[in-house]
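One structure, pasted below without further comment.
Chain nomenclature is as follows: A, B, C and D, assigned in order of appearance, with residue numbering initiated at 1 for each chain independently.
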Amino acid sequence: MVDLFVTIGGVHMANPIMPASGSIAEGMADLVDLGKLGAIVLKTITPDIRQGVKPPRVVEYTDATLFSIGIPSKGPDYLLNHTVPFFARFGPPVIASISADTAEDFGTLAGYITDPRIAAIEANISCPNLRAHGRAFGMDPVAAAEVIRAMKANTDLPIWAKLTPNVGDIAEIARAVEDAGADAVVTANAILGMGINAETMTPRLGNVVGGLTGPAVKPVILRMVNQCAEAVKIPVIGCGGIATGEDVVEYMLAGASAVQIGTMNFVHTAAMEQSIAWVTDYCTRKNIARVAELTGALKLPVDQNSEQRGAVAL
Amino acid sequence: MVDLFVTIGGVHMANPIMPASGSIAEGMADLVDLGKLGAIVLKTITPDIRQGVKPPRVVEYTDATLFSIGIPSKGPDYLLNHTVPFFARFGPPVIASISADTAEDFGTLAGYITDPRIAAIEANISCPNLRAHGRAFGMDPVAAAEVIRAMKANTDLPIWAKLTPNVGDIAEIARAVEDAGADAVVTANAILGMGINAETMTPRLGNVVGGLTGPAVKPVILRMVNQCAEAVKIPVIGCGGIATGEDVVEYMLAGASAVQIGTMNFVHTAAMEQSIAWVTDYCTRKNIARVAELTGALKLPVDQNSEQRGAVAL
Amino acid sequence: MTMTAMAKPEAPSGCFPRAENRCHVVSNAPMNSEYRLLVVDAPETGLSAYAGQFFHLLCPATATEQPFLRRPMSIYRIDRENGQLGFLYKVTGKGTRALASLAPGDELNATGPLGVGFSLPEGTKHVAMVARGVGLATLAPLARMARAQGAMVTAILSARAPEFLMSRDELEAAGARVIEVNDVAGNSAPQEVINRLRDIHAETPIDFMATCGSNRLLGLTRDLCSEWRIPGQVAVEAFMGCGLGMCFACVVPVRDAQGHEEMKRVCYDGPVFGVEEVTAW
Amino acid sequence: MTMTAMAKPEAPSGCFPRAENRCHVVSNAPMNSEYRLLVVDAPETGLSAYAGQFFHLLCPATATEQPFLRRPMSIYRIDRENGQLGFLYKVTGKGTRALASLAPGDELNATGPLGVGFSLPEGTKHVAMVARGVGLATLAPLARMARAQGAMVTAILSARAPEFLMSRDELEAAGARVIEVNDVAGNSAPQEVINRLRDIHAETPIDFMATCGSNRLLGLTRDLCSEWRIPGQVAVEAFMGCGLGMCFACVVPVRDAQGHEEMKRVCYDGPVFGVEEVTAW
């Protein structure tokens, strides 16, 4: 019997696999036994009610997608009165995700939704910071830390900081949010991208830019997870392009303590369940008693320090 | 007849298509008429002689590759005595590419290889800066600008600054090198990534990290080209995942004045020639007299300012 | 509360009303130069589909096409007796080209049934449906549903030219009266169709209308429904990510009775909406 | 100057010695449970290949495999008379699984001929070659080349078990004397092979050796060559990016006569090197 339990930033999980924010909603319960997941991460909400951006909202690539949704949100009351009760009944810990236009609003919202049915709050700091010309909070260590501090000041729930990959040095941001009190980091949100239709000479997305997600981004985010894991002591949750249990293992070897699966839920609703099964088999045949032993177990060359892994030399 | 001529940072080119540094070598001349290219960009050299990193040096993905080569270099004398004469005889302008451990070394090397057979020098600032713990020069606007200034002080040849995509705000770096005197920017080098073999629990590359290249990176680099083109007045050369003439057009619409094709040369040696033909057909059927008219011709929504394109909102 | 929401099935706890159905292809024959009919053997869950719902099809990778996302296809035929489902599709891009490569015996992974389909008010006597192109695929099972509820069905099928018209047989087999119009004959213009419908209504009053596939047809259906004060529904299309209401990619603006506009998910809140709810799409 | 460099063909200006050859598959039959022989009709440039060179094959996308990079395969048969090329390959991963799906009439895009192959010193009288596994594919055309130059050829073929042994016919047809050894019979251990070679050398002196496919065989070949003071060559394998000397992915450490080690490209400086040049790979 493989022990799949992990504890991530104060949250006890039956296994290290959970959906990424925005990749499941009520509809998933029509096909999948949500009780089997390590945790249930909800879609980001904002303090206000939002409709999201102009369609088209999705572009397809060979093994990636470019989505731009614009965080449609029904606000915190809907979350507490409808979404949380809906998902809480399945058993796994429920993780809320929030976003806001300013650090203070992050804090206020975190306080407002603090509730025993919520196990932790994920801070989606990839969204635009109104005070910084639309740059994401997560692109600046100071702004990122402010968000986490504002949230910690308003709630006792564990805070997971979901980093943006659109930075030069993600380890620096991870360190900043750790110092500000974050209980875990999620690495990472989507990579900013753009699609163009040559025939019409127009952007493929109503919002022009969107987030690149899906298997194609895995090598990039895997590297970032490794960089974060080397930089901080709090757990790192890997998220980016995971499709199979093998991907889960790769992320854990790179340093992740748990993982989130996003886009693949749209293509194969069984992706999370199958990944749990694959990881269990892997540990069994490798004689690994506890899945947590995989975290950071990558065998790196002894003669290479981590500084030598900070730049491309082609 | 479509006019394919473009002038990029002081270099006159018969068409806007050229190989990316490191994607062709003498062997290409055995299959392809190099005389048809817009320019011939040579592999990066360093002042010293280097053997490169430990194999394995390549990992394959669905439509991307992760390479880590380590810039093997035979040094500047070999460049001037062998490489330049070999490529100069084909006709298109020859662009040298250099890298070094410090800004001063960039300057010295640029001066040393200044030669009438070389039309411009590309500064590969994606390589590690020895003074900044291995972070790339191109990750820091100050270091990037220093490199360009050192080169400009030592040569009259046009300088193209080849940016690294491993930054949060590529427009900031583009502005810094423009201010330092760069004649064009190349956007961009490869995205830092990592591959792991779950079975062996080891990195897939001898060097652990490498550069992700090929079609999968196109949406990300296309976005960066658009950001650079909005930020600077000097020409932007698009480079990342281009496989077809359609990709070339997308890059030009996003703001590129010319493009470089890298990884696809390894798969289809005819990729550059076929792209030139496709772009010619495209312009013909769209009644576009000069290919240069495509640059920046993307029709953006009128109600969205460029700040709204700086972050992901999913 | 919108009318369509009434039809949303309640998920019985512990059982799953939707599934990734692993179906076997029975046939996948061309109907004309553009359309193909894909018939598959389907498991129980798949067969619980009703008119207006759709499936999200995993299109196979081929030598030339590797579609990443699934593709939505309306359910065209629900044959519970033979345990079969049918999809009528137009070969347009990489997903449908890949679908066209399926041969009898191949597996098709079809997630569904999905979405909220048509809901016919009890006691409906005469359903009029107007459709063009692939919209026909969506309306065919509605004809069967209406007949089973005892209503009469008149279907106006519109096409570019007579040779592109499909589903006449399917609809007639369902017990519908079929009227064909086409651009070549010049009798497919909105005003012509409106005149036809007025005549039909004068003969046997229409008390429910259904449409899909074109903004023009939606416009005329909405107008007639409002004039005759009868309910009408429209099946809407949108680019999809998940098909399950999770990604919010497939939204269209929907107006409620108070005139408030809200973005609704075609895959989960629809694809069938009241004609008065949908503005343009 | 390494010995192998002598064989590098000079590119005649204005014409292209290598090409993306668009070949048509003649046959692609399994030889045993692991190996297949792919025979294609090839254009002129492809047919200019010689022993030890390779082609970089574009493996087709299939429903389950989409290899992105090409795959290097040694030239196993060069049949200029019939305008055909043959590749003997082992089905191991996604590229070779995709190759296995090719049917007669399909197109194969084969870039080549590539690399520097074997070069037999003039006047060579007796070539001994030792190979195991797929290494046989590389050595078969060398037998023909040697016979054409008037040399006698002895080939020691090693395999796990007799049923995995291949190319006996191909080699005998080329005029080689073939000796089989295998692990089951217990006569394939290096010392056994060395003893065999000593006996052969005592009978008819060997003045050139060739090998490939295993570090153990390279070691014994290097030792015997140095003992007998004869030249020997080895065909090396490495993971490749471009196959054309452009990406520097396929390097191996190569030592020159002065003991200087340098990283050389298997695809462009090799794949055939002097046995004394290659350390381990």
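As a convention for this text, a residue touches a chain if its C-beta (ideal position, glycine included) is under 8 Å from a C-beta of that chain, and two chains touch if they have at least 3 such contacts.
Predicted model, so just to flag it, every value in this text is computed and none were measured.
**Student:** Count the smallest number of chain-to-chain hops linking chain A with chain D, moving only between touching chains.
**Tutor:** So the least number of steps between the two chains is 2.
**Student:** Quick one: name the chains whose C-beta contact count is the highest of any pair.
**Tutor:** Result: the chain pair A-B has the most contacts.
**Student:** Farthest from chain B in C-alpha centre terms, which chain would that be?
**Tutor:** Taking each chain's C-alpha mean as its centre, the farthest from chain B is C.
**Student:** Give, as an integer number of Å, the spacing between the C-alpha centres of chain C and chain A.
**Tutor:** 36
**Student:** Taking each chain's centre as the mean position of its Cα atoms, how many Å separate chain B from chain C?
**Tutor:** Once rounded, the distance between the two centres reads 49 Å.
**Student:** Report, in whole Å, the distance between the mean C-alpha point of chain C and the mean C-alpha point of chain D.
**Tutor:** So the centroids are 59 Å from each other.
**Student:** So which stretches of chain C touch two or more other chains?
**Tutor:** 66
**Student:** Do you know which chain A residues sit against two or more other chains?
**Tutor:** 22, 61-64, 67, 69
**Student:** Treating touching as the only link between chains, describe the layout with one word: line, ring, star, complete or other.
**Tutor:** Here the contact pattern is a ring, one closed loop where every chain has two partners.
**Student:** Mind listing each pair of touching chains for me?
**Tutor:** A-B, A-C, B-D, C-D
**Student:** Going by the contact rule at the top, pick out the chain B residues touching chain A in the complex.
**Tutor:** So the residues of chain B in touch with chain A come to 22, 44, 53-54, 59, 61-64, 66-71, 126-129, 133-136, 139, 164, 166-169, 189-196, 198, 200-203, 206-212, 215-216, 218-220, 222-223, 226, 246, 249-250, 253-254, 282, 297-301, 304, 307-314.
**Student:** Given the complex with chain D, which residues does chain B contribute to the contact?
**Tutor:** 22-32, 51-52, 55-58, 60-65, 67, 69, 72, 214, 265-270
**Student:** Mind listing the chain D positions that touch chain B in their complex?
**Tutor:** Touch list, chain D to chain B: 11, 16-20, 58, 66-70, 111, 238-252, 262-263, 268.
**Student:** Residue numbers of chain D touching chain C in their complex, please.
**Tutor:** Per the touch definition, chain D meets chain C at residues 60-64, 66.
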